[in-house]
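Structures incoming, each one as structure tokens.
Common to both upcoming complexes is chain A, partnered first by chain B, then by chain C.
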Partner chain A sequence: MDSLVGFVGKNYVLMAGDTNAGRSIMRLKDDFDKLVPIDSHKILAKSGEIGDGNQFCNLIIRNVSLYRIRNETELTTKSVAHYTRRQLATAIRKNPYSVNLLLGGYDKKDQKGSLYYLDYLGSSKKINYGAQGYAALFVGSILDRFWNEDLDFEDGLELMKKCLKEVEKRLIIGTRCFLIKMINSDGISVVEKVMINSEKKNEIEEEN
Partner chain B sequence: MSYDRAITVFSPDGHLIQVEYALEAVKKGTTAVGVKGKDVLVLGVEKKSTAKLQDPRTVRKIVQIDDHICMTFAGLTADSRILINKARFECQSYKYYYEDPIGVEYITRYIAKTQQKYTQSVGVRPFGVSTLIVGYDSKGFPKLYQTDPSGNFSSWKASCIGRSEKPVKEFLEKNYVDEMDEEQTVRLTIQSLVEVVESGEKNIDIAIMRKNKPIEFLGRTRIAEIVKEFEEEKKRKEEED
Partner chain C sequence: MAGKNCVAIAGDTRFGVRNQTVALDSNRIFKINNRTLFGMTGLNTDILTLRESFKFQMNLYNLEEEREISPKTFAHNVAQTLYSKRFGPYFITPIIAGLEGEDYTPFLCATDLIGAMEFPKSFVVAGTGEESLMGVCETFYKENMEPDELFEVVSQCLLAAVDRDALSGWGSVVHVLTKDGITTKRLRTRKD
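Take a look at the complex of A and B:
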């Protein structure tokens, strides 16, 4: 039921997640932030079991902090991705975390953003664009068609909204509200909390 | 049976000789000073003179334990590393469980507890380290704590550990005033060290801890400026006399 979308732009990373939190047929929360900041320039977008997501993200955040305090330097996105994957891989055959993640980060050294796809089985892949959850079924083709590596911020935001609109249109379970965050050299910022309204509703009103 | 060998056992007159020897090791270490101002904390350390070919930047005595807590130490550097690592881990562990940043007294208790454990365990010796821990408590007040090899800890307005402990403490007792501002606190710290440090301001490190701000190490030029001002004042006083 979770939908997470992310892609890398010219010198930023754009990530979006739906803000629903529910159990079976009940929506428990409609302002749930699934894009968790690990440090000043990295976001871990979590999907799957809510409890597992919380615990696992906490674990990663604390260990990344510990590294920063111990070594007086921040980890790169690649390192965090590898570390996270290692934690998932060792857990899968003992006490699996049912979480699928998108890790987005901006590295000041390379002045580039990067995005990683991680899942509960312990796979990890560096991607330019991707999604987790049901969104992956719908946005893959849109991003294949319209993504390019020189997307500036306005075009990127438009593309993201295009993706989210498609998710809202096609996913039978109502996920209208999405939170979009951006990571660039200045850090993490909340771009927008979008409420996507399907066009079809307007058509019905007009008929009457 | 010799009561001061190997593990820490009581001597016939009720002393833990190993712990007292550990305190001797601390007294051999380079001086560290901590001063609490109205809303600022300043740590000053005497740096051991580095050999000619040694990179001085790798010898750091003032370390960050968490974003809002710093500490320094006097005594065996290698022993201090162990305590610092444990403290750093404990800070993150606390945040992992409670989501709140750790309190200064909490981490001081933890470090002191660790030091005490090693005075009552099989096959280990006490840490030859005294520490000064600074940070702001939950109400926003600056706090300075000191621990020693016995596992004692206490809160101080200004304290000193290491080889020049006695003269510096006397100096602080004479010159400490409550509610000092940042400038006064920094000056007092530098002044207390300059008296006792052998080779002057080049071998002093000063760190300022302000509320909700990362720790700042005072630059060489600024320290040199302040030391110069002291020397000029001293000259003037001598001339007047």
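Take a look at the complex of A and C:
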């Protein structure tokens, strides 16, 4: 039910998640932020069980902070991805966390963004673009066609909206509102909270 | 597959979740040392966990023994690690290929998910397309192939087999190990 989309652009990472929180057939909340900041330059986008997502993200955030306090240095996105994967992999056979994640981060040292696909089983893969949830079925082909590694921010945002529009239009489970965040050298910023209504007109209405 | 004082491992590079492809550049064949290559198929999380586990064990082995591990010993290590989880196994099928001893004798080993080893002399196969691979390797294998010919045979076998298997493909990588080192080549397969 959760949709998460992310891709790496020229000097940034763009991530989007739907803002629905639900249980079974009921929508509990429609302004739920699934893109959790781990530190100033990394976002963990969570999908799956809400409780597990909260607990697991807390675990990662606190441990990343602890590392920073102890060692006076920030972890790279790759390190956080490996640490997160290890936590999921050891948990799966004991007390599994039902969360599927997209980890996006910008490393000042390499001056590059990176995106990792993490699974509840503990699979991990560095990807250039990808999605979690049902969105992946729709958005995968759009990103295959239109993504390239030199996407600047405006083109990237347009591509992201194209993806989200497709999710809204074709995913039977209604999800019209998406939150888009960007990570670049300045840190995490909320780009837009996008409200898509493809029934009225074929345009995207923007809302603050 | 084994040749004359050389071995080759080839694998596809698709990472997927059931019928959905997530990534096209996942590497499942790892170099243990200059004499040993280790490939795994199966559950991605277990592949990564075991990769890290064996890397750790091999680093420790190198420090303690002050030498490189031989392929045969490594194969036994893999089997023992897998059997230690006999009643909660790692869902992988490993393949070990290496050059054993002073003569660089080819060594091949395949195990199942709980560490039952076999040491064939010709070729080993694993994965979702293993039946296809078995058939085509049986047809094209011949003894004492030189590295170039071995590379050709292994590549064609892999390409043929992944074309038949829905869950394999989307790119492949072939490593040929000889006493002079490892040559790695990427092949284009059908993307479907």
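Convention: the second predicted complex is superposed on the first by the 198 of 208 C-alpha atoms of A that agree within 3 Å, B and C clash if a C-alpha of one lies under 4 Å from a C-alpha of the other, contacts with A are read in each partner's own complex, and residues count from 1 in each chain.
Just so we're on the same page, contacts are C-beta pairs under 8 Å (C-beta built on N, C-alpha and C of every residue); 3 or more make two chains touch, one makes a residue touch a chain.
Bear in mind the structure is a predicted one, so any value in this text is a computation, not a measurement.
When both complexes are overlaid on chain A, the residue A:G122 reaches chain C alone and has no touch with chain B. When chain A is checked against chain B and against chain C, the one touching more of its residues turns out to be C. Judged by the touch definition given at the top, the superposed model places A:R93 against chain C, while chain B stays out of reach. In the superposition on chain A, A:E166 contacts neither chain B nor chain C.
In the superposition on chain A, contact of A:N58 is made with chain B only, not with chain C. In the overlay built on the shared chain, the residue A:L66 is in contact with chain B alone; chain C does not reach it.
In the superposition on chain A, A:E74 contacts neither chain B nor chain C.
Across the superposed pair, chain B and chain C touch chain A at no common residue. Residues of chain B touching chain A in their complex: 64-67, 85, 88-89, 91-93, 95-96. Considering their complex, residues 85-86, 88-89, 92-93, 117, 119, 121-127, 130, 136-137, 140 of chain A touch chain C. Those residues of chain C lying in contact with chain A across their complex are 15, 17, 20-23, 26, 43-45, 48-49, 52, 88.
Residues 58-59, 62-63, 65-66, 69-70, 72 of chain A are the ones touching chain B in the complex.
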